[in-house]
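Mind looking over this structure? Questions follow.
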Amino acid sequence: MIKTPVIVLNVKAYSESMGEGGFKLAKACEEVADETGVNICICPQQTDLSWIAKEVKIPCFAQHVDAADPGSQTGWVTLETVKTSGAIGSLVNHSEHRLKIADIDAIVTKARKLDFATIICTNNAAVSAAVAALKPYSIAVEPPALIGTGISVSKAEPEVVEGTVKLVKDIHKDAVILCGAGISTGEDVKAAIELGTEGVLLASGVVKAKDPKAALLDLTSGI
Amino acid sequence: MIKTPVIVLNVKAYSESMGEGGFKLAKACEEVADETGVNICICPQQTDLSWIAKEVKIPCFAQHVDAADPGSQTGWVTLETVKTSGAIGSLVNHSEHRLKIADIDAIVTKARKLDFATIICTNNAAVSAAVAALKPYSIAVEPPALIGTGISVSKAEPEVVEGTVKLVKDIHKDAVILCGAGISTGEDVKAAIELGTEGVLLASGVVKAKDPKAALLDLTSGI
Amino acid sequence: MIKTPVIVLNVKAYSESMGEGGFKLAKACEEVADETGVNICICPQQTDLSWIAKEVKIPCFAQHVDAADPGSQTGWVTLETVKTSGAIGSLVNHSEHRLKIADIDAIVTKARKLDFATIICTNNAAVSAAVAALKPYSIAVEPPALIGTGISVSKAEPEVVEGTVKLVKDIHKDAVILCGAGISTGEDVKAAIELGTEGVLLASGVVKAKDPKAALLDLTSGI
Amino acid sequence: MIKTPVIVLNVKAYSESMGEGGFKLAKACEEVADETGVNICICPQQTDLSWIAKEVKIPCFAQHVDAADPGSQTGWVTLETVKTSGAIGSLVNHSEHRLKIADIDAIVTKARKLDFATIICTNNAAVSAAVAALKPYSIAVEPPALIGTGISVSKAEPEVVEGTVKLVKDIHKDAVILCGAGISTGEDVKAAIELGTEGVLLASGVVKAKDPKAALLDLTSGI
């Protein structure tokens, strides 16, 4: 559903990515994707999802989806609504938004039926292997201690990425494997791909950059 | 911040209120507000909030807001983002999305500083009194057992509404008091206002109606 | 750590298993284990764990353990405390007490170091396979819809049990595989073992029985 | 139900308070209560509750109780079970174990019927006032930032304690008001009582002390 290699930008709930800020970040991703031919996806803030998905041509993802079916679910975000919004998928189980395993299974199972792309975030190789058994579209391994540090997982903890690639490919060979945590430069992206992943998931490296478009261009240089 | 008496429509996560369905419901509210002069607010699905807030002139509310500050909060919804989206407030602690009391306090305190309208949902008169001590903008009492039944709280359990009005006014006289659960007709609205509330909070009575606009028109007849 | 085949009795938080009731159930398990030579383990109510573990010779398990290390964790139950109480292990992720996958991984990893037996409960074969990748001591598959019904998983949904056995053995061949939900007779136990499990996990079939000891004796007849 | 002034010792989940360590702490409390005539209550680790409640004559409290009724509630702790264990009450909503407001209300309401003492922990004066509206047996205000610091709330933030006393007495004059966070000496206790409380709630000041009995004796000197 997404072309790889891919750069997935999670704008989190930063003040820089609210409203117009989030819109400009999405437009910057679109421009860089256009200019470089590199696939870039964006995860807008949850309340901006429908709006931004209507405004950009690049693929949009929700930052989170709940294990809830349409109905009396005030304030919860169903997979069906996310799909209707124009997004093609969702991050699931991000380090800042962990889920119960039975709920991850329910979401992945429903996503398969609805042709919806789930990117399941994990904290290490063992949990990546566990998630692989549920056969999700994609798995993104992110050691929590490196998130937001600028110290890239692909350079500082390559064994976590390699371990994930090895274990996941054994259990679910079609999984799109990404890595994240501390990714901020083209070199980090290059290292990630050399370790066997098909892309990266990142946030602060672009959102907090003085010049987000320049940061994105640098990232694409690693592909 | 909202003119009273008021009708607040929570579209929940129903399949009828996703995407275009939610947009049409918002437009129906806007039309009925225009035609009747009655104040109507809408709570779109979370991922549709920015989009719909840009498209309608009536006040929009989030269905839920998390006790999180802007930052590394993947998938959580901050008050700051909701405000930036164009919404004027949020439901908080809905029966289907309960919060910890310390978190309700944190949200209400921040909302006061940011001139943001919180409607704190409660399940009975005692909890309404407790919430009143936090001095929120509005309190909406909704006995959970009646939600979605079509049996209106204002007619079936008037003592819950009266008890809430009495206790809340003693502690926080400026609170806008609403009631909800089972509200679906103008008579239910009339009964709610006669019990001392300044409006109603409802969902399925309009969202699931064959003709939502007609249902809204009927509701406004109670004011 | 536990001899198999095994019957694991979870007394839940039933009124029948509080205080003296729980003590008598533990003693009944001990007597039946003595008389029949069948291995029986008990999971007392959480607040009774240290007390009952001191009073019976059969292995005791906690009903739940939190992913918390010793420290400032008011009201949470650490694996270290459970082990110190005299219990040899804990149920983890019961249908009525689900956990986040990163927390299950943390508990299983710590349990391996401390020679502590985790029985990870799962709801279907796919989640059993996922959990197997974490290499826990034991996995107990229990379809939630059958729990407490008296309709036994081993007879009503043998494919869930067989699927679990097949998938788990491929990923973690040393796992002790149990099944549960609706188990109440020796025939149910026999069917479970014929499907490739090494025992059963049950609750109401004994706790709610008019004569719990007779119910236990009947269960052992299936082994 | 408890005689005041009172010192309530929460042993949390510290390694020092597991098993025999917890037993010795309970015995030290009993000895100091005997020797000084000061009322001391203890909150053992959850899994030690029945055991320790049988071994000491001083009042025992659970560290936490869930808003669950007896039944299929694996691993949850009901008020009924805590009462059956011999404890006379429970901490509720501790800073490390926050609850939803509707659940606090459910627990307080049930506790009143069962003559069970709830000590509801709060983080500031406003939340104390909110909780007071639910009419619990006792309220213990503890600013989270001071917990475990040794900087006592009664000396460092007296206005929080005074504000709590004033607001709570207005709403629920019979409440037993305690304060906690950083309490470790008799002077801290004295200051707390001079601010209008009827006692203190503390943990590390005794549990982590080189000589817990000496620490307890020092605390009683403040009464």
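A, B, C and D label the chains in the order they appear, each numbered from 1.
Here is the rule we go by: a residue touches a chain if its C-beta (ideal position, glycine included) is under 8 Å from a C-beta of that chain, and two chains touch if they have at least 3 such contacts.
Quick caveat: nothing in here was measured; it's all calculated off a predicted structure.
Relative to chain A, the chain whose mean Cα position lies farthest away is D. Each chain gets one centre point, the mean of its Cα atoms, and the points for chain C and chain D are 33 Å apart. Put simply, the C-alpha centre of chain A and that of chain D have 44 angstrom between them. Rounded to whole angstrom, the centroid-to-centroid distance between chain B and chain D, based on C-alpha atoms, equals 37 Å. In terms of inter-chain touching, the protein chains here make up one closed cycle, each touching precisely two others.
If you check each pair of chains against the touch rule, the ones that pass are A-B, A-C, B-D, C-D. Contacts from chain C toward chain A in the complex involve residues 93, 98-105, 109, 122-124, 126-127, 129-135, 167, 171. For chain A in complex with chain B, the touching residues are 10, 12-15, 18-19, 45-52, 54, 62-64, 68, 70-78, 80-82, 84-85, 87, 91, 94-97, 147-148, 203-204.
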